[in-house]
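One structure, as structure tokens, below. Some questions next.
Chains: A, B, C, D and E, in written order; residue numbering restarts at 1 for each.
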Amino acid sequence: MASASDRPASRHRDGGRAQWHSPAMTRRIRRRYLGDRLFRAAGLAALTAAGLFLLLLVGNIAWQARTGFFQTELRLEVAIPADVAAGETPGSPGFGAAVDAYPWRSVALSALRERFGADSRGDLASLRGLISRGGAAVALRAAVRDDPTLIGRRATLWLPASEPADQWAKDRDAATALSERQVGWLESFAAAGDLKTHFNGRFFATGNSRDPALAGIGGAVIGSFLTLLVTLAVAFPIGVFTAIYLEEFAPQNRITDFIEVNINNLAAVPSIVFGLLGLQVFLNTFGMPRSAPVVGGLTLALMTLPTIIISGRAALKAVPNSIRDAALGLGASRTQVVLHHVLPAAMPGMLTGTIIGMAQALGETAPLLMIGMVAFIVEVPASFTEAATVLPVQIYMWAELPEAAYRAKTAAGISVLLIFLISMNALAVYLRNRFETK
Amino acid sequence: QAREQIRVVGSSTVSPFASAVAEEFGRTSRFRTPIVEQTGTGGGLKLFCGGVGPTYPDVTNASRPIKASEVALCESNGVTDIIEIRIGSDGIVLANDHRGETLTLSLREIYLALAAFVPVDGRMVANPYTRWSEIRSDLPDTEIEVLGPPPTSGTRDAFNELAMGGGAAHVTEPVSLDLGVPATCRPGNTACQEARAAGTLQWVAPNAADDDFADVRAVRFDSLAAVEHRHPSVFEAIAHYIREDGRYVEAGESDNLIVQKLLSNPAAYGIFGYSFLEQNADELQAARVASEDATFVAPTFENIESGAYPISRSLFFYVKKQHVGSVPGIQQYMLEFLSDRQMGTPENFFLDGELPARGLIPITGAARQTMIERAKNLATLERKS
Amino acid sequence: MPLVVTLATCLLAGGAAFVLCHQRALALEAERRCTLHSRPFHHGMLGAILVIPPGLVFMLVWLMAGNALVNPMVLDALPAGAVPADPALRDLFLNDVHNIAHDAVASSTSPVKEQAAALYAELMARGRTIVWLLTLTCALLMGALAVRKVAPGWRARDHVERGFRYLLIGCSVVAIATTVGIVLSLLQQSLDFFARVSPIEFLFGLHWSPQTALRADQVGSSGAFGAVPLFTGTLLISVIAMAVAVPVGLMSAIYMTQYASRRVRQVAKPVLEILAGVPTVVYGFFAILVVAPWVREAGEALGLTVSSQSALAAGAVMGIMIIPFMSSLSDDAITAVPKSLSDGSLALGATKAETIVQVLIPAALPGIVGAFLLAISRAIGETMIVAMAAGLAANLTANPLEAVTTVTVQIVSLLTGDQEFDSAKTLSAFALGLVLFTVTLALNVVALRVVRKYRETYE
Amino acid sequence: MTAETTKQPTPAAPAPAPSDLSTAADRPDVKMSARDVHVHYGDTHAIKGVTMNVNAREVTALIGPSGCGKSTFLRCFNRMNDTVASARVDGEILLDTQDIHAPEIDVVQLRARVGMVFQKPNPFPKSIYDNVAYGPRIHGLVRNRADLDEVVETSLQKAGLWDEVSDRLEVPGTSLSGGQQQRLCIARAIAVNPEVILMDEPCSALDPIATARIEELIEDLRQRYAIVVVTHSMQQAARISQRTAFFHLGHLVEYGETGALFTSPQQEKTKDYITGRYG
Amino acid sequence: MTAETTKQPTPAAPAPAPSDLSTAADRPDVKMSARDVHVHYGDTHAIKGVTMNVNAREVTALIGPSGCGKSTFLRCFNRMNDTVASARVDGEILLDTQDIHAPEIDVVQLRARVGMVFQKPNPFPKSIYDNVAYGPRIHGLVRNRADLDEVVETSLQKAGLWDEVSDRLEVPGTSLSGGQQQRLCIARAIAVNPEVILMDEPCSALDPIATARIEELIEDLRQRYAIVVVTHSMQQAARISQRTAFFHLGHLVEYGETGALFTSPQQEKTKDYITGRYG
């Protein structure tokens, strides 16, 4: 392509070679390489963007969650009234009931009032705004139950702070909900060493509460656990057996084709539709209890089933046919071939698929909304038929509460959920890598 | 499956109070903690009146009194003995993010801003107002965007009755009711559908029964109040019919959700109970409302308690007496709800009571004693006429 | 006899049957010095299979019908008048009786209830004993039968394997039953709905306002069920999501398969997998807390009015959610292209980018299209992100800065909260579910076809 | 189609020499025989009326160009084609004097009597010991562990693998080299004490040295078993077999003594193939 | 390792005859030459110090048992081994007189000058026309559509495919038969007007008739290009090539005139291989 008069095509046909080192060609090459580099950069940018999204998401949630695992407490000298459980001997059931029923909230308030000597109604209201009254009552109740001799005496106790006070202790600039007086009081607590923020172990042990200081994800974790147990118990055997049937036994005909198409489609049916199914079948037709882990588990099992079947079939497919032939050639029956050779070889793959399916089920919210697992439930569920909620639904409910404290709780709940999920996925990835290389 | 827990459904306004009581009740008594679901007053009553038995809820919260029609529904399903407990009152507030502009509104202006049909030049037409400033020039010049509860909600009923109805009653201009074509009709409202199909200019409320309109068409009234006087059901169909053109957004049963959404949009206003304002006092501000005398009243604890704030209503819960004695703890739950530690001591309820701290304006004095008596004696609702 | 004992009995009997048959087969083999048709193990298994399932069936029947059997007997045995006549009240009475019998907190006790509870407990115990006896008898009979059957020519293996196969077939049926269940439950409720609202109105109506009055004397909204605004809203959000997910997902896949070193892949793959494993409720939280305010502020900085629940925010977050899905499917599609094709292009002197754009992507296109369709169907069915971040108002708009609502959001908002099962409002959720199911089904069928055809070309 | 082919042998596949048509029952050293066997895969007619005998204590080689049906025919002898859903086998195949398709023949037992070794070594992902012990176990050929140990040892010895692996019987079979794996597969087949061993290109995945070892082994095994080997290498067929059958497009073109077939092929096709004219 | 092998040719690979060691620059008809080329795949030493020339206007055949490194060596000539991450190529390879690993050599251009045809026909999923036009387009060898049409036509003619496809240039290349596809791939390689064409078992996926056509074509193309063909069939090497190189375990065992190599191999290994003693 040195000059315009030189027709390249004719050169071409004459058997003349293209002039690879002409300036035009060199320029062209340079342009082509530039295009190559740009394209590569675009790919890298896309991948980086995906990574950044993840970083942003996880980072943001971790940032939000940082205060959610902690709770501020205030130290107060409390006068335990003498009339608590009057006439009951400590240790008797009556004593416990009486202690439980005692109006501890006012006791806590009196202690505050004593400390600061406030009297006007407004002052009292402000004072009350410093401690979590529900939390204080729980703490006092527990203290007296533990040590009945406190009755009628004065005791120095750590009581959970209210939500705004808690916010103040964690980030003094961000808390706007406190009056100047309240801030002054809190500062005096802090100066006296009567204010501490500590890791909130309760958060992992309790159920929902209207009081942020008492709200925990323990109930939701147990609910998730019970629900997933049902899901696993139902979906794993059925999924594995179905995969075996379709892959190893089913004749190639219309019916198995139909089943196959069907399963592939089920895998893509929106999860909320499974919620509608659970609502209509388990609740309305079979009359199973609302909000129960058993119903949630069954609904999620139906949803997870296709995932397990599909990955199970892939795992079975990956077992080389030569192994089947070898066993058949030795005179093993089909069932023996499957049970002795194919299934053990496919098991890691099937487990991987199952773990991924379980992780999906653990993170699923929408279908559970349909079957009433969005209720205010305080108690930690103890059986498969008791009302319960699950982690993601608890997160959903907290996310919609306006109090700032719940926002941190939401993020903390998400962190817990993510830790579960990431460990499950990591386990799946590990299993896959471990057995794929073989 | 034997049921050991009380199941509570109903009003989202009452729900925070009920769940707080439930939590404390579970903690301090030998009974298990009740389960509380928010379904809205209407939805709750519908579930509650579904029947008697372990599968039906024991208690439903309500942010308005039960209606005669609901009592009838209950009765038809065998729910014959209902205990009504009034727990206090609540103001319905119209609030927005404190970064936005504060509203001062009369009830009439609320009606004009939110009704589906309003009188303009003597005719009922589809609501033409798109900005607050078109209603009154000193109101903010922003688009009308109000998030409020759906018809299942008691807040909506009370708002319709007190604000919309109250406001429409103050519309003094003469109107005739024979103009306008509704955009849509309720399934089954044949007159509406026919009129729409024929394109005839009739005023047919999409929600009203046909007969009500037989004798008001083409009649000229002096004011909407006159309509109320002579044809109360027609008046309701006009006044309680909230606009559906997207300026009033039905934001679901959860009032918390509405609060959330307001925080992210300062130009939007939300309708909900006072307690939610109280809980979010640092981020929300409420509109001051005048009934008719142009003295704008802010929704404060005192104003609602005294009744000076025009949109206040009572809060209740209803108990199925037939379940008392079968599902454990119902009576104790009622008494817990009315106890001093929940409602506050008569002298200083505000300090000692848990519910007032959460924004309930509690029932006091003799009225509260009556309620406690009711709970103790299980006195049921007298048949309303 | 507690059910646990019955279960143990049943399993023990099964074990015993296994051992007996197994031993007998071994003995036969030794004594006749011949090989049996089936191995002793199979004879044993057949014994266990004959013994255990009947017992399980008895227990299951008791679990499901025991209460229904005993309750009337308890009521009949009580003095007349002690039991409420009203069936509903009778249920409540029984509820208390059960609570007393189970030693749980009961609301009130009375001699009658105590008596009933005692009787109930006794009858239940008796019933369980009967179940135990039945299980035991049946196990003995079947076990004896199994042992007797053991003979050199007895094809125990065939029977055991047939049993196994029936088990497998039974499991496969669950998948079909699920689909049938979905279709039936959606269809039944939807037909009910369409009896009240015409399908034409539903599918083509432009106005959606389903919150109808609950009572005759209430004024609700007009109850318009024109779902077009929901469809367009869903579409708008899905389109935005795809606009984020397709370029990022596809380019990531290309980079990972074509350019990235092994080490980069080792890091990037798990990162994408984590992104795929994040539950949607978390994305929803992220959307309302981070993305929506950003979008709003950015829009306002540009002088635009942006709704706080803009379709843009919800769509963008949904797009992020779909990235890993899109990229892993594209990855599959691209790696399925035989290396010989890119070798062919490289051997002609094409650069890598030229090879990818001109050979690889066209060759993988059907697979990528399939991935796209599957991703769209996912976007359409996604619930939590939109339930948290999108609006509830059914606006008919194509402006991504406005709030729109989606089919899934409406299903959630119609079915959480008020639960009445006979109103058009509630039923409409099922009709929406049906639409959702149909659309995603169609998309999936097409996508799977495309993908399968594509795979066949390179297999 | 089947009927037609039976009546009129196509020109490409002239009837084999009469001596080979005599049935297994007539001659004491015939172990298996195929009579007019046709195999269809759906619409593909893969084997078209093949009749031939397999003699005891001899190696029979099947040769022919790729896709001519060697493997398919081989798999008829132990009914491995049953496992292919689309395959249909017609005609008669006798093991000794019994039709292997007869209803009273249990395919599981047939395959124990007619062992098979595949092209790619395919040991189970289990220990060497378990690989060999698998067959005896499922068929209940041994009473106790000691017997089993013995069977495993003799089988490995017969397969010429014992010396190499006797000290590591518990390592996975897949960890052996290709040639060792193939010998392991042979040991596995021997362990159930078969009468016939079928081998489908047993050396094609192996290096020359391993190939030589397997060829030696085949020569050894011939003393006890009837062996049928498919091979794509004419040289190999010449080296190891006593009789050779040449297949082409599903027909048995020529069958006879290996030496004779290679030095003086009767058919033009055979000659072309042997001289490398095609394939 | 590399150095060692260079200094002491292993006994299995004696140095090629002196005539072949002369460099490309010395003799005008040498098109490419490899000098002491080693290829490693990670730890696998696949090519061990190979030195040989490729002459213009000749067909050079590479033969040897499977896995001996024929393909690997072939792919050195157009640096296709660059695309394998684990591959490392040492030694010198000259095109005319220039080292193809020299920095001023652009691999994109090199591959245009040294074309390649693969074992399995791999037409792009585009029309026949676009398949052939692909190379000229990316290299910018033509100005306009008419020129391109002409290039496509001549290339297809040279590949002997024009008559069969001239009326349906717009159908996808993948819809052709296997043999046609392979000729399309040859046309595609010719279209950028290369100087050398490398072919890696170009007929092994084809039936005998298509094979014959390609062999004819190779004979035609030899008039203009230097051609290197890998084949697993000794018969084919004998039929089509002027020179043959025999590889074994990565060594070049023997290289010389095809006729001479087949009739009187110098090395024992070669002889054994040719007579079918192994492989």
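For this structure, a couple of remarks:
Definition applied: contacts are C-beta pairs under 8 Å (C-beta built on N, C-alpha and C of every residue); 3 or more make two chains touch, one makes a residue touch a chain.
Note that the structure is predicted; figures quoted are calculated from it, not measured.
The minimum number of touch steps separating chain A from chain E is 1. Central chain assignment: C. Criterion: smallest distance from chain C-alpha mean to the mean of all protein C-alpha atoms. Among the other chains, the CA centroid farthest from that of chain E is the one of B. Of all chain pairs, the one linked by the largest number of contacting C-beta pairs is A-C.
Chain copies chain D and chain E are related through a rotation whose angle, from the C-alpha fit, is 175° to the nearest 5. Each chain gets one centre point, the mean of its Cα atoms, and the points for chain B and chain E are 86 Å apart.
Annotation: 59 Å between the Cα-based centres of chain A and chain D.
Chain B and chain C have centres, each the mean of its CA atoms, that are 38 Å apart.
The set of chain D residues that touch two or more partner chains comprises 138-139.
Looking at chain C, residues 288, 351, 354, 416 sit in touch with two or more other chains. Touching of two or more other chains is recorded for residues 30, 32, 254, 260 of chain B. Taken in their complex, chain E has these residues touching chain A: 106, 108-109, 112-113, 138-143, 146-148, 150-151, 154, 192-193, 195, 224. Across the complex, chain C meets chain E through its residues 261-262, 338, 340-341, 343-351, 354, 358-359, 362-363, 457. Put simply, chain A touches chain E in their complex at residues 1, 7-9, 12-13, 15, 17-18, 20, 25, 28-29, 32. Partner chain D is touched in their complex by these residues of chain C: 29-30, 35-37, 39-40. Every residue of chain A that touches chain B in the complex is listed here, in rising order: 97, 100-101, 103, 105-106, 109, 121, 124-125, 128, 133-134, 137-138, 141, 176-177, 209-211, 287, 289, 291, 372, 374-379, 385, 387, 400-403.
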